[in-house]
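Next come two complexes, and both contain chain A; in the first it sits with chain B, in the second with chain C.
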Partner chain A sequence: MSTGIVTAHSVVEPSPRAKAVAATLVAAYALISMIPLVWIFLTGFKSPPDSISYPPKAIFEPTLEGYCNLFTTRSRQSPEYMATLPPPASTCDEIARSRNMVIAGPSNYAPRFVNSLIIAFASTFCAVALGTFAAYGFSRFKVPLADDLLFFILSTRMMPPIAVAIPIYLMYRELGLSDTRLGMILLYTSVNVSLAVWLLKGFIDEIPREYEEAAMVDGYSRLHAFWKVVLPQATTGIAATAIFCLIFAWNEYAFAVLLTSGEAQTAPPFIPIIIGEGGQDWPAVAAGTTLFLLPILAFTVLLRRHLLRGITFGAVRK
Partner chain B sequence: MTELTPVSSLADRVAAASPDWALRRAGGFSDRSIAWLFIAPTIVLLLAINIFPLIWTIRLSFTNYRGNRPNAPLKSVGLDHYQSILSDPDIWAAMQATAHFVLWTIALQTLLGFALAWLIDRKFRGHALWTTIILIPMMLSPAVVGNFWRFLYQPQIGLFNYLVSFISGVPPSSFEMIGSVKLAPWSIILVDTWMWTPYVALIILAGLRSIPDYIYEAAEVDRASSWRQFWSITLPMVLPFIMLAVLFRGIENFKMFDMVNLLTSGGPGSTTEVASITLKREAFEKWRTGYSSAFAIILFVTVFGLANIYVKALNRVRQR
Partner chain C sequence: MAEIRVENLEKSFGSFAAVRGADFTVRDGEFFCLLGPSGCGKTTTLRMIAGLELPTGGRIFLGADEVTTQRASQRDIAFVFQLFALYPHMNVRANIAFPLRCQSMPRAEIRRRVEEAARILRISEILDKPVSGLSGGDRQRVALGRAIVRQPTAFLMDEPLGALDAEFRRLMCGELRALHDRLEATTVYVTHDQLEAMSMADKIAVMNNGVVEQLGSPREIYDRPASMFVADFIGSPPMNFVDFDARLASGDRAVRIDGAEIAIPELRETARQPRCTLGVRPEHVRLSDTSPLRGSVYGTEYLGTTQIVTVATGHGFVKARLPSETSVRLGEPVGLAFRPEKLSIFDRQSGRVLRSALHDGATHG
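Showing the complex of A and B:
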């Protein structure tokens, strides 16, 4: 980034007016593109009638009903039965009763969310571990057919996920891996490892070889030098790569919807099928969506410096 | 980025670090065996989870296998599936829907993305913050967000219809984005453009920033108009970046499944039935596993072939 002294005559520095116009337009774009996300957030705090009112309500009385409905299942009861119940034990209980319902038990959202966490973190760990070793191998040694192997690793990403899912579905059925976390972890690892190898090779290429060579001159083995010199230097790159893998595994839908149905189902195939009485329970869907998107928001902010590299498989570096 | 520790002090640091006996013992490996030791696990995993299934798919594509009847006798059908796919009007309709989706999303995202990148490159105060905000949609799950757009697109109660009617004066229930044959293809193009314009913008922004200032200064000395500068400096120098963004978006949208499956699931009728949706229907609803395997192979060969041709073109532009 240029930090030189900018004079009034500089030809590359835009005029203040150009800057103001650009700032306004970019801000306008940003605000408009945020509307759907703000609406998701707001809908999560609406009551079901408010969520489907016409005209759409931007100002409403906030309620936790969406979040309560997200985490519970409810059943409708007769007024006579309701009268025999002890006073409501929680806010959610109270809201349910006001709709002539009682809470029947927890919903499947929490276990699906936990599945998402376990599968995303485990597959990220495996992909990054494998990717780090492979990337170091490709970066430092003369591997025969290295370019072809790297291209092969990348080309595995070109298959449409549904095309991959057909044989995987049959294979997992034979191996008993259908609808298991282990099966999903293996699958996401194999998808993410290509990204990990490409990104990490770029990061490791940037670490001067002289560092390890100096350590090796001092009598350290190649593996020892890798462990003590290269890995600490590559921490930032490994962390950035891990977050990219995590986001992919977290957001993935196609494999999840085809290969999991219960036990190992993750949140993305579950959220769209949250239904209430008489159709989709939009406040609950919005609540589930909000909780699901929040971690990604945090990661986006963390990653902003490495974003470009991650989304282009390391092809563009800043 | 990389800290510039003097090499000698670094070696000291390494020497001071406690030696790990396991690493010491493993130290006897030659570089060559270490290279294979490091790369092999990744290759083995990819062979097991990607290549073996791919070969299996190729084999299935020559049979009448049905995934829901695994014990039925297997019959070889030769190239029949490939022949009937290439003459199946439904498949061609799906390819057309995919082409419509891919071409329009790329066109819109490139234009909008370029405009956005160019504006951000005016380096106004706070541009970093606004850029981060703009990037948020592309990080989110297309499935989960696409699902919510179904709500925004509801006629009458949906926010999208309301805002459109607010601006244009058309009654909000007079049009249906998802429900009408005419508008449904645009409903998915719009959501994809909303999600991925920032992606294209970010890559093009990197291209704009890679152009050294002195080139513009020289052009200014030569009294080249800003229009001229744009056509003969900015555009040619950013072109490789634009092409890269188009490549990535093209491959991704050719494979598009999640957002479309949740937003329109291919409907109404089959107006938005892109290739992946057809593939899912054939494979997991009609259970014509052999037939859908052949279609999967055709899709893979298509995307692989197109990407290869494109990369060659990209490299030629880069070398210029």
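Showing the complex of A and C:
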């Protein structure tokens, strides 16, 4: 029989040991998930030989070569020609010369990145705007065949979008939408709008009708009431939905490869094909990837407060 | 402020008739209650008056204007919702100012009106607080503030005290009525609580299954219920019913139940069929050793100044409200006597009251 000290058990407070175990597990998981990201980040600062050395180097001399190569195109020149040049004007210039090359001009990374920004944000805006109106309609009005329509909207998400890539490719070619920003915006909007309608309908259902009704009795039109009362209360849902849509549009690779090649090409198909001397320029690829992660990171951090509340669906009431 | 007139108002949701032929007038300055059990169509009626629901039949007038199909925003009516519907993303001041902000009113004027409303409701000190932390009573007052700030032609309130605790509800009843009188408002107030309706209303419409069963002052409704439903719904405990069969004709002044002759107010109409019910309020029941109507004491409820004594009779239980000094023993055989001039006789088949001397001089509508 044990007659030792009896410790009171709390139902809500975990024991210190449980906490320690949980913390260790979480830390280990976080660490493992971070490794690829850290690796990419580090590779961006390696020299091309370091980036492919075997065994891989964890300690190396950092260089900006990857970033320079990412933003420039270079050409190899004869030592005689190199000798006639004035002294290097920038760090990148200096790095290029050390490899017997001169900077020939800017690379396509910046315009591709801008394409990504425009296409992802515009399609997210369109999907969320359409989704909000559609969700409001489904939530507040008696729409004939509402259930069937909602199911139809969802069903567009039931197969992988890429399954229709060929018909879309042909269609876009006929319509002159291939390799245009407008084409990509339309495409990502239509893929995302179903997600947006479904997510937002849940959020808007949670907003009591009485809010708009009160506004309408007080003299506001329905649209005005929607703007003044419903939208401010739906911000949480809209932010959460926007992040999901943006992540999809930002990362989308398959359609981008198929439908864009020049003018409207986004960053995902561009980054992996950055070629350097004798093959893939891994530091430049890693640098491009690192920069590519930043906008989505910023957006998520910016909307984090809304997102956290948004994930506890239904917390909008009262 | 204006009169509200509702003519033969109907509302069906698909095949379900939520409101059937509602007909009433709310006079200018009147405090009018729609009273009835949950699901009887009170909210639907109120929402039609507000313009939040379109009627499927009938007409609605606000003052001289027909507004049946007008939008809510054009009716100049204030609506207080059951759960108040305060906007969580605005503070108290912004909530109260909200109705004024869609009119092109100067800021200074809005400020003045909001502060005046807050003063009337004694919430000046919470004007700059967010609404999320407010107590039920304060939320109630903010909702009222939003209603009165616009000085609308009428106030519609849907169970505005339903979300408050019992003690506070009694207090708010008094305040609401005082506010109504002070603003000389026209108010339509929906409740399922007969005490609220009785204590506040000038006139009550008792609804059941989408139909207005009776329209009258609290006193009329209590003293002269038009139907067995109203008699049963109003009063606590409700009216006692004693079923009997007899061929009743206009001019009858007594009915016979179990050989006991019971005097009633002289009938002014002849019953269509023999199945009848005698209705008597507990306070009109007396114990009488000589009465031929017999029973035995089944239970007592002590209420302080009075007690409710339940007597088991051959016609079911009869409750009597007696002075609390009267001593009764459980199981004791007793005789029951009723106050003749206060009795109601109902047609048990239709549930309607038979007109009698009780209704002499009573106004209807």
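Definition applied: the second predicted complex is superposed on the first by the 286 of 318 C-alpha atoms of A that agree within 3 Å, B and C clash if a C-alpha of one lies under 4 Å from a C-alpha of the other, contacts with A are read in each partner's own complex, and residues count from 1 in each chain.
Throughout what follows, a contact is a pair of C-beta atoms (placed from the backbone, for glycine too) under 8 Å apart; a residue touches a chain by one contact, two chains touch by 3 or more.
If you're wondering where the values come from, they're calculated on a predicted model, not measured in any experiment.
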| item | value |
| --- | --- |
| Partner chain in contact with A:Gln233 - chain B first, chain C second, else both or neither | both |
| Chain B or chain C, by number of chain A residues touched | B |
| First (chain B), second (chain C), both or neither touched by A:His224 | both |
| Partner chain in contact with A:Ala20 - chain B first, chain C second, else both or neither | first |
| Chain B versus chain C as contact partner of A:Leu195, first or second or both or neither | neither |
| Partner chain in contact with A:Ala215 - chain B first, chain C second, else both or neither | both |
| Which of chain B and chain C A:Cys92 touches, first, second, both or neither | neither |
| Common ground on chain A, meaning residues reached by chain C in one complex and by chain B in the other | 208, 210-211, 214-215, 217-218, 220-221, 224, 228-229, 233, 318 |
| List of chain B residues in touch with chain A within their complex | 1-2, 7-8, 10-11, 14-15, 17, 19-20, 23-24, 26-29, 31-32, 34-39, 41-43, 45-46, 48-54, 56-57, 60, 67, 70, 116, 119-120, 122-128, 130-145, 147-149, 151-152, 154, 156-159, 162-163, 172, 194, 198-199, 202-203, 206, 209, 213, 216-217, 220, 241, 244, 248, 251, 254-255, 257-258, 261-262, 275-276, 279-280, 283-284, 289, 292-293, 296-297, 299-300, 303-304, 307 |
| List of chain A residues in touch with chain C within their complex | 208, 210-211, 213-221, 224, 228-229, 232-233, 318 |
| Residues of chain A touching chain B in the complex | 2, 11-14, 18-20, 22-23, 25-27, 29-30, 33-37, 39-40, 43, 52-56, 130-131, 133-134, 136-138, 140-143, 149, 152-153, 155-171, 173, 186-187, 189-190, 193-194, 197, 206-208, 210-211, 214-215, 217-218, 220-225, 227-229, 233, 236, 247, 250-254, 257-258, 267-269, 271-272, 280, 282, 285-286, 289, 292-293, 296-297, 299-301, 304, 307-308, 311-312, 315-316, 318 |
| Contacting residues of chain C [partner chain A, same complex] | 50-52, 71-73, 75-79, 81, 83, 85, 87-89, 98-99, 102-103, 132, 146, 150 |
